[in-house]
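What follows is a structure written as structure tokens; I'll ask about it next.
As written, the chains take the letters A, B and C, and residue 1 is the first residue of each chain.
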């Protein structure tokens, strides 16, 4: 089932969206500061574990083994959750998931839900769907709250408000938070405190919570949420009804497999030895936590992704965000330029695959939003070879266009030249005519499309003779 | 040892000085260097832009041309990465994969195969080194270029801040996403300028063309020189700027 | 039992799509388990104390016999009046001069919110990561008990301390409700920098008794 909701309608293709972001100097400063801080910390947290590479390989293999038998693991998960008093739902796409959740919220008699940050619910546009059905969704994660109060869009999968600095956050809180004191400063501690006060009553009185899941264990039906602030625990523990939405790829076979991921994830994401809180629950526990538990298993383009043998590794992702933090392109454009809830390197390979549409210009531009520097692959805790998948998806984009573009014609001509050394040498000789354009050994202005290069860089003038000409004269 | 030089299409066409330097350097170190004139291009630009079939044609040619050599040496981490990482998938006949396994980036070949770090070079300049992404992460040349540079007489090696960050070249990325590419370039140039070096070197002419093109536009006064040219330079035959 | 919703066909369709996507030849994947299950640390209790302190939580090591006194001292220092505890909180932990409300019958959310703090034991502690794991077992109570109060004092016995995450998971039963606690609540959401104290307890104190 092709995914829906993954991208924001109307976002231009990446190069144009990026231009706007690049012009925002405040945004670039904020991003640079945040990404550089976390990069160094991640490196230190990872360096503490001598077996890090072995953990990465194990993590990748566990995920691959899940994908190889995904149907079996999901059926086992369903049986285990059901046996422990939970109810399992299946959703082919965003609309179906939203309809299920809305129905469950109404059945619980609630018109408001508290939410733990979850990529799956962002992907399906749950908040908007609930609003249409008359239900208010209250984001409780600090960064999500900043985005929600600022009527903004997320720009990072872990810290959706990474594009905001402390001063901007203070302004949003002062403007939008009735309980915020006018004397609120931009000290992060005070800002966190303001969020605590703002949400406290909601937590203590909420009847329905919606969460995502980081992992679910097929063997036991146990669901895992990894978080920092305690808003997750509040949502998972206090309301009577808990609805958890998870992508079908989040299942792991056994409890023991978590010994790998609970080491890989915190060090890769917030660069901590362990995140402050990890909650694990199985179905319903009498006298402890929600009395009703619903688990919604979401496809929304994942089965399409699974069908691509190269691209399916994107489904190993544990949403740590290390690839975003290490990406030199993301660092300069921020997440919103990707036009999707999944930005950065993982977004560039996941978004087009979930959508299943490589002919639309916006998703088709994403696999090209990378210099293929490989920094993402180097940090990815589950060894997703993002550059390889990007290159693979580029050929899918070209195939989807069906070979009718000026670029395709140029590439075909170039390949025709390169297939024959005689033609290649003739082209070299013709090219050296460009020496006429040069001044002091440099060419500073070329006609389009070369102008895209010379807008910021000179081109060296072609030499009098190519290397092969030299070789023939001196060694041939 | 029969060594084939794979000059790469870019260096052959625009930077012959690098391939000449690589030839002289390898000969000086006792290799019999051959340059099969049938060679053209490894197909990287085609593959990375999404034209897999054209890339496969070029990969087939590469495999056929270089199959008979003990080693293929290229002055480009990026093209070597293309050969080692992708040619296997692109070339139909597995028997032709010999060329894939025996393709080395220049600094790898010098240090690992010839076992030298002091190549007898002389280059009396202040130099900083940019590890290009593909040499660093795709093929893992590690500190080999730095070990080679540290043994060059007269050379004053200065560390480049944020060295491992991409310069923003990325092949067709530089034109498809020109604005982002330029922003990355600006930061790289700032770091280069901070070092006070006269020369920026690297193992890839593609990245050097990008950074050098920016430096020349800004008239920063830093030259870009490929690693092979520094290593080929001696007191008797010192490096000279291309005419 | 599967929820009898009008979309019952979703289940079979998703499963069918998965099978079609994987195809008839399923890849066989070997999982390399050559990572470290135990790492050499010497004294794990000492390491635990250091690592918890790294999260800006207070840690004290005490002899088992001195535990009641140590609890009394910490509570007196914070000047708490109302402390909560699970129904099975050991008698000797209930320091005098403090009003103890045990979760039996279950306290209301308002009662949880009005207390100054909560005292519990734990199931396992992980030295490498400075983590305490609660499993609703002995001296721990239900999850809300250690969540709503702003101050959590936790007693760890030396024999509950293990070195690594894999060792801890091997000791735990996943079908119990589990909470892994590593320091006080915190956030990295402002400029990706960690600050302590958001919705969960803002103060965590740990007594390690041996």
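Convention: a residue touches a chain if its C-beta (ideal position, glycine included) is under 8 Å from a C-beta of that chain, and two chains touch if they have at least 3 such contacts.
Which protein is which chain? UniProt says A = L-lactate dehydrogenase complex protein LldF; B = L-lactate dehydrogenase complex protein LldE; C = L-lactate dehydrogenase complex protein LldG.
Here the structure is a predicted model, which means the values were calculated and not measured.
A.B. asks: Closest chain to the protein CA centroid?
C.D. replies: A
A.B. asks: What is the chain whose Cα centre is as far as it gets from that of chain A?
C.D. replies: Chain centre farthest from chain A's centre: B.
A.B. asks: Between chain A and chain B, what distance separates the C-alpha centroids? Give it in angstrom.
C.D. replies: Chain A and chain B have C-alpha centres separated by 33 Å.
A.B. asks: Roughly how far is chain A from chain C, going centre to centre by Cα mean, in whole Å?
C.D. replies: Here chain A and chain C have centroids separated by 29 Å.
A.B. asks: If you average the CA atoms of chain B and of chain C, how many Å lie between those two points?
C.D. replies: Result: the chain centres lie 53 Å from each other.
A.B. asks: So in the complex, the part of chain A that touches chain C is made up of which residues?
C.D. replies: 1, 30, 33-35, 37-38, 49-51, 54-55, 57-58, 61-62, 64-65, 67-71, 74-75, 78, 82, 84, 87-92, 96, 99-100, 103, 140-143, 146, 158-159, 161-162, 165-166, 169, 188-189, 191-193, 195-196, 199-200, 203-204, 217, 220-222, 228-231, 233-234, 236-238, 248, 255-256, 258-260, 262-263, 266, 270, 272-282, 285, 287-289, 294, 297, 299, 303-304, 306-307, 312, 325
A.B. asks: What residues of chain B sit close enough to touch chain A in their complex?
C.D. replies: 7, 9, 11-17, 19-20, 23, 33, 35, 37-41, 43, 45-52, 54, 57-58, 61, 85-86, 133-134, 136-138, 164-166, 168-185, 209-210, 212-214, 216-217, 242-243
A.B. asks: Given the complex with chain B, which residues does chain A contribute to the contact?
C.D. replies: Touching chain B: residues 14-15, 18-19, 22, 328-329, 332-333, 367-375, 377-378, 387-388, 391, 394-398, 407-408, 411-412, 414-415, 417-421, 424, 428, 431, 441-442, 444, 449, 452-453, 455-460, 462-472, 475-476 of chain A.
A.B. asks: Using the touch definition from the top, list the residues of chain C that touch chain A in their complex.
C.D. replies: 1-3, 5, 7, 10-11, 13-15, 17-22, 26-37, 39, 51, 54-55, 106, 109-110, 113, 126, 128-131, 136, 142-144, 147-148, 165-166, 169-170, 174-201
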